[in-house]
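The letters A, B, C, D, E and F name the chains in turn, as written, and every chain counts its residues from 1.
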C-alpha cells in the first residue's frame, strides 16, 4: 500500500521525474548553476515556506541529479550522516549514511535547516566544502573523494539564529549564498491559484491578506504567514469552508497563540472579505 | 486477564468500534473533514481536559480510519516514532515505530502534547507535513510515501509554552489549526450528567462551581478546572461521598497546592452547595 | 537467608497478608474506596513520614488487591516502568516492568514521590488515567487495556515542588486528591506508643516535643519532625538510651544541620524532659 | 602478590578480624548499638578525617557483622548498588551489587559521603529505611526482605552541603543521627602518638598546632586540619623530616592553596616549634 | 565512481603527490622545518580561510610525510582519535583511530580547529607533546613511542575562543606557534587569479573589495572575508555571473545576515565596480 | 616501526631504565622518600612545565618502581581507571585498568592534572588513600589490598582551580603535598643549556627573558612561560632560526593571543637580544 519512493542504497533512483512547479524570482537559477559548475557549495537563506525546498527540487530536476534531503536537528549525529557498522550475522557490516550515499552517487545533498544541526554535524562537512572535496570516514579509516557531480547545499532561516545556534564564520565562508523571500504579489497569486485550485480573484484576496499579516511583524508577530498557508486557506475554501473561517484556521491560528494579535488580524480579514 | 486492544503491527484493527460520545461546539467537524480531504495536517489547541482527545476519536470513527495516539515527552526519540533494528536470532530485524505503522496503514496519527516533544522528534514530521508527504527512514536508507488516507494531527496547550518549548514557525506553519475551549454551560452540564451519572441539577451545580473556579485564573490559579474533574466529582457524589467533600477532593485539591487558594474556593463551594 | 517476599512476575502473591496498623483521621478511607469503584486514580499529598505509605498498604489489604510500590526518581525511565527486551539465548525476550506487571494482574500501583519522576515517566501514565485506561507499549507495538481491578495511585509532598519539578495541570487534573498531615495529638500518641513500645506518658511527651519542633517551621526549619522519628526516639528510650539524648539523635539532628536551630530545640527538649 | 581481602560474593568473609583502634568520645557506641537492636538506620555527620570510618569499623567488629563500604559519587548509579545482568555464554546472568550482597548476608552497609550520591541512588534506600526494610530489584522483578542482622549506615559532612546536594527531609528523617567532631586534646594526642609512632610530647605539639589551624576557619580556611594529617606529620617527623617542614607539607599545603593563609599558618608553626 | 583517496590503515599512501600551490609570506617554512627537526609540535593560529590548511599540505609535501587531517568538534571522543575494539566474528578486534595510525606510520597529524575539541581529546595529546612523545592506549594497556618522523600539529582561530573553549596554558605551552593572516595585496591577487582563473585586474579588484570588507570588522562584522570567498567570486564571474551579483552572493551574504551591514558593503562594491 | 615501550599488563617492564635528568631544588626528594616509606600518598602542586612530571620519573627511577602515568580529564571514568569486562569469544573477560594494574604490581601511579578528573574518578581513590589502602572493584565484587610498594601520587596546578573543579577537603586531606615552582636562575640556565644544546650564555639570556615574561602575570598574563618553552626556543636557535623569531614563536605566541601583550613582550625581547 505504501510506496518506497527512494532508496538511499539506490540513490540513482532518487532523480525527480517531473518538473516541479517553480517560478524564478531573480537570478537564482543562473547563480546556482554557476556554483554547480565550479563545484561550490550553496546556502539558501530565507523564511519558512517561501520556496527554498521547491527551488532545490527544481534545480535537481534541471541538473538531472538525484536529490537527497536531510532534515537537520540537534540529535542528528555525524554518524547518522556518514554511516555506521551494523551487526549482521556473525560480524559487522558497514551501512552508508545519506551523506555518504549522496557523495558516492554524485547526488545533490540538501541539508535542510542547517542551523539546527549539532556542532559535530556541521564540522563534518568542512572537508567537503573546501577545494579538497573529501570526506574522511574515521570509523572505516578511509577518505572519500567527491565526484564532480556531487553538490552540497544547505538552507537556514536567518531569523532563527540565536547565540547558541549561530553559524560560525568558518562554516559560513564555505558557501555561495542565495537569499529567498516571499514572492512578489503577481507571482504569489499565480502560485496560490495553481496549487490550491481557487480562482485568480480569491487567490489575489488571500495574497492581499497575507501581505497585511506580514506587516504585523513590526507589531509582535514572530514571522509572516507563508505562501504554504495561503494555499492551505485556498484549499479549505474550495472544500466549502467559509472564507473567513478558512483564513482564521489556516492563516491566523497557526502563526500565533496570542489572543490580541489573533483578534487584530481577524478584524483585517473581516474588513477585506466582507 | 488483560486485553491487548490494539497492535500497531496490525494497525487496521485499531479502528474505533463504537461512536465516541462527543457533541460539536462549532464548525470543528467540517474543518477537520476538509483538511482530511485536502491531505492537510491539523493541530488542536486548548486547555487540559476540554475534549481534544475525544474529538479526535470521534473523527477517526466517522472517517473510519484507525487511530494511533502517541503521548509526546522529552525522552521520546525520533527512533521511537520511526522504528529501529532489533537483534533477532543471528541478525537484526527492522521494527516499525508507531508513526511508520500509522503511515503504512493509512491511519490517523495523533501526537498528543506535541510541545513536549524533543526537537528531533518535531523535525521528523516536517517532510510528512509539506506537499511531498514523505518520511525518510535514514536507518534503512529508504523514503516512504504516505498513502492518501494517512493524516497527521497534533495537539498542544498554548498556555504551557515556554521560551524553551515554543513551537517554531517552521513547524507551526504546516498545520491547519483548530481552537478548543471548555464547552458552553448547557453542553457541559449534559456531558457531566451523561458521563458521571448524576442528575441534571447536580450536574448544573458542578458546572456552575467549575465556572467560578475558572474565574480564579485571574487570581493566581494556573489553569481552570477541566470538564474531566467535574465528572470525577459527580462520580464520587453518586458513590455516596458528600457533595462538598467530593468537590474538594476532585475539583479543588487536584488543581492547586496553595492553601489560601484552596480555602477561597472551598468557601465558594460551601456557599453554592449549602 | 533472605526472603524474596514478592515477585512482580507473580504479582498475585504481593497481596498484604496482615492488616497494617492504620487509624483513619477523616473520610480518607471512604473517598479512596469510592475512587476505586469509579476507576479513578488517586493522589496522596502530605509531608514526609505522616502515614501515606501505611494508608495505601491498609487500603490494598482491605480491597484485597496486590500492591506494587515504585519509588520515583529522576533516573527512572519510562522503560523501567513498562519493560524492556533482554537478550536471552539467541534472541530477545520481553520483560514486563512493574507498571505493566501491576496492570496485567489488576494490582494497585503506587508511584511514591511522583514529583521526583522525569517528564517521560509522568507522561507514560496519561493514557492510563483518562477514561480509556490504556497503556501503549511502543517497543512491542501493542496497547494494553487495564482490567477493572487495576488502580493507579501517586504520592507527593507539596512542600518539595520547585519550578523545575512542578506537576503540570495536564497531569494533576487526572487524580482525585487526598490531603494528609500529622495525626492529631491523641492519635499520634497512640501510634507512637503502639509502634515503639514506650508507655502512654512517654509517648505523649514525645508527641508534645514533636509539636513544639513543628512550630519551628516558622523559624527556619525546613520541615517538621515526622511521626516516624518520634517512634525512633521511643525505641531508643526503650533500649536504655537517656530520653534527652534519644530525642537529640532521633528528633533533632536528623532534621537540621544548623547548630543554632539544634541548640534552640535541645533547650525546649530539656525544659520538657527535666 | 596482591591480596583479595574481601569478595562481595562471599561477604561473610568481610568480617573485620582485629579490633580497630578507636576510643569513644561520648555515647556513640551505645546509641549505635541501640539503633542496631531496633533495626534503625544510622547517619554519621562530621568533618573530614575525624574518625567516622574508623568508628563504623569498630562497631562492625563488635557487632560481628561483615562490613561493606561504598564511596558515593555522582556517577554511582542505582544499578551499581543493586546489581545488573551480565552477558555470560549464551545468556545473561544476574550479578549482585554491593548493597544487595550486603543485604543478603546481613552485613552492615556503609554509604560513605552520601550527599555525593545521585538522586536515584538516594531514593533506592528509602524502602530499606522504613519499617518494611525491603529492597525492590526492578530489573529482576523481585522484592527482597532484609534479614534482622542487616543495617544501613551513611555518613556525610554537613559543611559540604549545597543547594544542589542537600539531603531532602524525606531522606534525612529515616536515620538516627550521630554527630562527630575532632577528638578532645588528650584523646587526639593519644591517637596521633599511637598511629604515627612519635612520642607523647611531639604528638601534643602537633595537636596544639592542629587546634590553632582549626581556628583559621573563621579567617577563610575551608575546613580544619584532620586528625589524619596530624598523623601524617608525625610519620614524616619519625622518618627524619624536620618538624617544621613535616608540618608544612602534611598539615598546611594539603589544606589550602592560598599563599597568604599558608604563610600565616607557617608562622604559627614556627612560633610553636622553635 | 568514488575514489578512496586515502586509507588510514595504509597511511603511507596518504602522501601528497603534487606540490600544493602555496606562496610563503614570512619565515613560516623555516620555522616549521626547524620544529620538525627538533620533534616539536606546532600550532597554527589565524582567521578562517587564510591558508593554514594549504600550508600544512605544502609542508607535508616537502617533508615527504603522509598527512592525516582530523576536524575537531565537541563530539569527537578520545576513542575516536585513538581507536576502539570492534566486534568481529566471535571476538573483538582492535581498530586504530587516525591519531594512532598517524603515529605508527610517522605521519604529520593535523588537528584542525583544535579549540573545538573536547577536554578529553585535548588531554590525550599531552604525553605526545612533551619530550617523552608517548601515547598510552588505556583500552589495550599499552604505551606507544612515537617514531622520529611523527609530528603533531594543531590549528585554531584565536578570534573564536570563549571562556568555555579557551585553550589551557598546560596545552598551549606544548607548541611552537606560528601566526597566519590574510596575505598581502600583491600575493593575494596572485592567489585569487591563479585559483579562480580570472585575469589579474579582476583579481586585484576583488582583493581591494576584500580589504574594504575586512575594515568592517570595526563596524560590527564578526570576521573579515576570506581569500577563499574572493576565489569563489572570481569563479562565478568567470562563469558569466555579473561581477556585482557575484560579489554579493560570494562575498557579502555568506559573511553576515545583517541587512544594514549587507547594504553598506553592497554600496562599496557598487562604487568600486561601476 | 613503532615501539610498544610499556604494557600495563606487564607493568613490571615499565621501570625507567635511565636516570632522568633532574636537579633537586629543595628537600622534595627526602620528603617524597619519607612519604613512600610511610605509605602516604603525595600531591605535587605547581605551574605548567616546571618539572613535576620529570621529578616523578626521577623518583620512580631511584625507588626502582614501575611508573604508570594517567592524564586526567573529565571523560575519564572510574571504570577507565579500574577496568572493565570485555566480550571475548563466548563470554566476558575482565581487563585491568591502569590503576588496578599499577596496584597489583606495586607501581607508582601518577594521576596527572588531577583537578581535571571527574568526581567519580576522584572518589575512587579515597579507600586507597587512607590507612586501609584498599580498592573495591564493584563490578567484580572484590576488594583489593594494595601491596606495600604501591604508591599513589597526583599533580595539579593550583592556578587552574575553579569553583566547579576545586578539590574537596575530603580529597585534599589525604595527601602529603609538595610545592613546585620554576627553578632558580642558575639551575634553570643549566637545564635549558642541557636540554636544548645551546651554550651557557644563550641559555642565560633565555632564562632572563623568561623571568621578565613571568613578571607579566601582574599585567594580565594568565601564566608565566614554562621552562619547557625556554628549551623550545633554544632548540630553534640551535637549528638556525634567528633568536628574536625563535623567542617569539616559542615563548610569546604560545602563551597569549592578546596582540597588545604580545607586542609588549616582543619589545622586551628585542631590548635584551639586540
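What we mean here is this: a contact is a pair of C-beta atoms (placed from the backbone, for glycine too) under 8 Å apart; a residue touches a chain by one contact, two chains touch by 3 or more.
Not measured: the values here are computed from a predicted model.
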Neighbouring chains shared between chain C and chain E, ordered by label: none
Remotest chain, chain E as reference, centres from CA atoms: C
Centroid-based (C-alpha) most distant chain relative to chain B: F
Rotation angle (°) superposing Cα atoms of chain B on chain C, nearest 5: 60
Whole-Å gap separating chain B and chain E, where each centre is the average of the chain's CA atoms: 52
Distance from chain D to chain A - Cα centre to Cα centre, in angstrom: 60
Centre-to-centre distance between chain F and chain D (centres being mean Cα positions), rounded to whole Å: 30
Chain F residues counted as touching two or more neighbouring chains: 87, 90
Order in which chains appear around the ring, chain C first, chain D after it: C, D, F, E, A, B
Sites on chain F touched by chain E in the complex: 1-9, 14, 47-49, 53, 69-76, 80, 86-90, 95-98, 101, 112-113, 116, 157, 160, 195, 222-223, 225-226, 228-229, 232, 235-236, 239-241, 245, 249-250, 253-255, 257
Chain A residues within the chain E interface of the complex: 27, 30-31, 34-35, 37-38, 40, 43, 45, 77-78, 85, 87, 90-92, 103-106, 118-120, 122-124, 126-127, 130-131, 134, 136, 138, 141-147, 158, 161, 168-170, 172-179
